[in-house]
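Taking it in order: structure first as structure tokens, then the write-up.
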Amino acid sequence: MDWWITLSDAEWTAVQLSLRVATVAMLCSLPPALLAAMVLARGRFWGKSVLNGLVHMPLVLPPVVTGFVLLLLFGRRGPIGAFLAENFGIVFSFRWTGAALACAVMGFPLMVRSIRLSIEAVDRKLEDAAATLGAGPAWVFMTVTLPLILPGIVAGMILSFAKAMGEFGATITFVSNIPGETQTLSVAIYAFTQVPGGDAGAMRLAVISVIISLAALMLSEIFAAVAAKRSVAA
Amino acid sequence: MDWWITLSDAEWTAVQLSLRVATVAMLCSLPPALLAAMVLARGRFWGKSVLNGLVHMPLVLPPVVTGFVLLLLFGRRGPIGAFLAENFGIVFSFRWTGAALACAVMGFPLMVRSIRLSIEAVDRKLEDAAATLGAGPAWVFMTVTLPLILPGIVAGMILSFAKAMGEFGATITFVSNIPGETQTLSVAIYAFTQVPGGDAGAMRLAVISVIISLAALMLSEIFAAVAAKRSVAA
Amino acid sequence: MSLEVEARHRIGAFTIDAAFTSDGSVTALFGRSGSGKTSLINIIAGLLRPDVGRIVLDGDVIADSRKRIFTPIHRRRFGYVFQEPRLFPHLSVRGNLAFGRWFSGAGKSASEFGRIVEMLGIGHLLDRRPSTLSGGERQRVAVGRALLASPRLLLMDEPLAALDEARKAEILPYLERLRDETRIPIVYVSHSVAEVARLAERVIVIENGRVLASGDAAAILSQPAAVHAMDWREAGALLEGVVESHDSTHNLTIVRAGECLVRVPQLFAPLGHSVRLHIAARDVMLATARPEGISALNVFEGTVIDLSPDEKGSFDVRLRCGGNVILARITALSREALELAPGKSIHAIVKTVALNHT
Amino acid sequence: MSLEVEARHRIGAFTIDAAFTSDGSVTALFGRSGSGKTSLINIIAGLLRPDVGRIVLDGDVIADSRKRIFTPIHRRRFGYVFQEPRLFPHLSVRGNLAFGRWFSGAGKSASEFGRIVEMLGIGHLLDRRPSTLSGGERQRVAVGRALLASPRLLLMDEPLAALDEARKAEILPYLERLRDETRIPIVYVSHSVAEVARLAERVIVIENGRVLASGDAAAILSQPAAVHAMDWREAGALLEGVVESHDSTHNLTIVRAGECLVRVPQLFAPLGHSVRLHIAARDVMLATARPEGISALNVFEGTVIDLSPDEKGSFDVRLRCGGNVILARITALSREALELAPGKSIHAIVKTVALNHT
Amino acid sequence: RAAEKVTVFAAASLKNALDAINAEWQRETGKETTASYAASSTLAKQIEQGAPADVFISADLAWMDYLADKKLIKTDTRSNLLGNRLVLVSAMPDSKAVDIKPGFDLAALVGDGRLAMGAVDSVPAGKYGKAALEKLGLWPAVEQKIAGAESVRAALLLVSRGEAPYGIVYQTDAVADPGVKVIGTFPDDSHPPITYPIAMTADSQSADAAAYVEFVKSAKAAAFFKAEGFTVLK
């Protein structure tokens, strides 16, 4: 555990920041991902293909382009960025929140797909049964659908978290590489790979990143196992 | 459709190459992804967490690192690369096959997760029923499990394809940016973003990339709708 | 306590086109497999939205496709026991039972909960997951779940099919009490004439999506033509009567139906209480003279009204006995031997134990 | 045609600890809901691997936990009709029916396919998906699927529960023929005494995971103690007889059982064919003198063997009539009136239509 | 045939000029070239792993030195091809020209905005920029205001999008972007010379590689480089 001690303050900061960014990205993208998954799985409307395409965009485009688009939209001068900054004081540019936004966007298609897959597997007869017992649509969702799609939600969250740990293309393009603010682990790793002889440093940080993700994975597996035990199809 | 005509030969080559790379990556990663998903969903063995971690690695690490690892392993001088080249004549380094390998690896966790999620949702009682009718494990998998997890497989394939369309970090690091051989659309887009005045070119290629992916998405949706109609839970 | 249903709907090649009204508190739906019973119940529940349809419960228009009225499923408060259990796999048995209570406002009291759980014999299962229950246990939980949701109408699709007779014998009286005390109307699908005879006031016979016959249970159950869909062996007459007296030394109850006094196994109903007796045609023996020294306690004098056509060597004979119509099924040979013809006076003999419905 | 089952297994708080052997070609499993019938069948099928267990079919050791023998499920070729249909949702009805044929080598011939499909009345459903079927239709397809897999043992867990009587009446004779002609052994779970009486040679009564009683159907069905798990109303005697003659003018068949000649509704069995008659105790009337001018065609002279204890005001009287044991259920009042006691000679009266099992 | 083509691995920023030069080379000699543009670090590592490159043009000396240390280039063919200058850019059209010298209050100019530049420890332009700021004694005051971009192009984008009011970029990039205004040039002696070295790789088998290197160094090629704003070194 030698290398642990040799973690510089800056690197340590990057670790903490990565955790924060990945967690926030994962949690904040959950509600919209749920909504999008629900709409895509259940909705029947004209623009569904468009929405579906939109959701997948961050996957299809090189991360640099996604970062560029984020910059255009959410930057200080971007229409959404300016609006949010003026009305709610939410600023993304050069902030860790921006890194979280970038990671959330990059992980969004992964989360939506997982959740959608689970929603499509839900036996709608159970939802019908809940309705006959007096549960309105929102309650049916809360008390039946949501618990049943938990495995998909967990899978989606894990994918999003892992993606956030590894994301750097969109992040660095959108919010650059500011130590302590936007320099996540993977941005730091990238920086190491860009200088001759930086491999050792990159490797050290990569190991940390992997350990964190493994821990998250393991947690999710335990959680999923518990959930699975609870909800074997009757 | 002005810009269409202005696609240079090189760009046109990149489009074709991207299609080939994404398709091959998607198809070749399917069997191992199915296997991994099956093992992760059903297996109970000691190293499961390790395998799970390994599968997620390409997501967790910055693509550049993944590309670098691929370069070290599958490069001309890498242990696996040298072995394959000598014994089977399969060469990855600086070939389009290498780009496909990079894309397959990057999309692997996405595919595995989707398929695994579907496998976990399969009602094992149906598999039992098939067994009582004389189907051995392999046949049960072929005739019951596989058709039932089709939605997950399709979702995984689409994620993998889309990811392959957008992948450039690992690709450019592993097999560089050689026109006609390893310069996929997203690598070409990246190159455009690195020089003054390249934005228009980048945008044009990005639009093509998006159109291809949308078409693939739409195809998959149609396919999924047909499959869903066929296999509503009884 | 009146239900009006009208529905026209196509599903694939199957067309449902049925209309019926029922003012009985229990309406039985009878029909062969695939005749459209479940579809009809789904339409009442709102799970299936018919092309044309109208549901009125106690003057309250629940749905009317012409007026574009459609009360959402969850506002109907129709408890539904599905043909398959449909338990929530992520909830314990307790959670499943309590599910309806979360939404029905007040809900049933704790003592009612205990009563229903005990009646269904699921007290020891409360903390289990549905996936660990046996088939019959699931079905019982499903019944409890619907009962505990304080429904204003109960829809029951073969609720007792997977249960043993002893368990049925515990649940049926509860449903009877429900019918008589809380007066919750029930729409009941069953293939068992015994169950229907006991519970239902109105019977609707469905065939191929259409109403083949509908009317009073007594009338329908004694119409051999209408009971084709049911257990032919169980066809018979339904008598309306009141409790006349109890003979507790012999565990008997005497019921007056018209002018007949019928001895039945002891009923736990107060004097004067009205009861319904199903006398299966196969259980009625005919004699030209009053027989002596026999074990059967019920011998009614009557006259033959008519005889049904020969059906596989047996005839259903309709008799008028003291203001009641009784059905007797006899062989062609007996018919010849007894020289049965309309107008002939005859004795109908019914064993008391044959009238045991529990 | 011999089946030996021994199993000890714990699932949660439930313990199954049962052993039985059966050399009948149809073995009925009887028991209340939750008693462990399905678990036992799952053990036979290999779906549940018991802590300790041994299954031997016709001398062939299918599984023996002590010798570490365990034939994989798919090699057992045990057709299993599950309690719930378990149809493959991704296959059409035809695909579901054909599923077993892909693996059973030769499989049933096309004509057999047509026969089974027709018998089950699912010909018009062949191209449909299981999700579009009604409950009873699904159950019929599940039965067909198991039959068509050319099994060497059939496991049927309440296969007819959701079916109407008319449909049952079409399927039961098929199962009878299966039993008699192809001699495929069947393990059959049912709550219906009528079905069991008709099909089963051996009856195993399960209670709380243990074998409460096992033996010949005739013996078990006339033991009121053993039938608690079944329909008490259906308890009665099982008579073994042979077809003596047919009376086709009156659609009757005369069966000789011991020294008794029993008139039953016409059977389509050749002269000399052995048949089994289930005479429910509730259908037997007693008389001290031979009654005259009655419709009942069967009057047997006999003597009282013994009387069961009083059960809710009724007694089961065992009679010996011409070499058979017959059960009659009468009220306490009749018992007094007829002064019944062991040794008394008596007449048992049974209506022919009561013996109609179709 | 591919082996006969000259394969050039060049820093991504050279794409425009080198594409033109390669076209010219083909017109003159009838010989095709293959150019792979990526980050110098990536290319160097690929050459280390046996990439089929004949010529390497790096964006900084460090990666050329890295290969030289490993004896992967023909040192006798190595020369310094191009130079570049660092400039200070602003997105505001009305900003006045400034004189960059020791004591220049850059921190005050930047205010509470950000100073965009290449990441200071990985991107070459960032490294030069940091050296210059240190040499001029401005570094301590602005260190906390740096936004380190993934490339010069990204830094320029940050300025032109108004995310950062000022940025330090290469002259070559600044002149091509109409969205920014060059308001000052860093003195040449304030930082190590910005040098793009060229060399043949040790593994090069191509007969034309030497001639190609000469062509790139020729006056004809120089015109293309100058058009892009590079200083051509002799």
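Each chain gets a letter, A, B, C, D and E, in the order it is written, and its residues are counted from 1.
The rule we apply is simple: contacts are C-beta pairs under 8 Å (C-beta built on N, C-alpha and C of every residue); 3 or more make two chains touch, one makes a residue touch a chain.
Being a predicted model, the structure only gives us computed values, none of them experimental.
The minimum number of touch steps separating chain D from chain E is 2. Comparing the CA-atom centres of all chains against that of chain B, the greatest distance is found for C. Averaging Cα atoms per chain gives one point for each, and the point farthest from that of chain D is the centre of E. As a whole-number value, the distance joining the C-alpha centres of chain B and chain E reads 34 Å.
Separating the centre of chain A from that of chain C, both taken as means of CA atoms, is a distance of 56 Å. Chain A and chain B have Cα centroids lying 20 Å from one another. We define each chain's centre as the mean of its Cα atoms; on that basis chain C and chain D are separated by 26 Å. Residue numbers of chain E whose C-beta contacts span two or more other chains: none are found.
Residues of chain C in contact with at least two other chains: 133.
Residue positions 64, 68, 125, 169, 190, 193, 233 of chain A are each in touch with at least two other chains. Pairwise chain contacts present here: A-B, A-C, A-E, B-D, B-E, C-D [touch as defined].
Across the complex, chain C meets chain A through its residues 45-47, 72-80, 82, 85-91, 99-100, 102-104, 129-131, 133, 138, 145-146, 149. Of all the residues in chain A, the ones that touch chain C in their complex are 125-126, 128-137, 139-140, 143-144, 147-148, 150, 230-234.
Those residues of chain B lying in contact with chain E across their complex are 64, 68, 71-72, 75-78, 93-94, 172-173, 176-183, 190-198.
Remark: chain C residues 11-12, 31-34, 38-39, 83-84, 121, 128, 132-137, 139-140, 157-158, 161-167, 169, 191, 228-234, 247, 249-252, 263, 265-266, 281-283, 285-289, 291-297, 312-314, 328-338, 349, 351-354, 356 touch chain D in the complex.
Of all residues in chain E, those touching chain B in their complex are 7, 9, 12-13, 15-16, 34-38, 42-43, 45-46, 49-52, 151, 153, 172-173, 175-177, 228.
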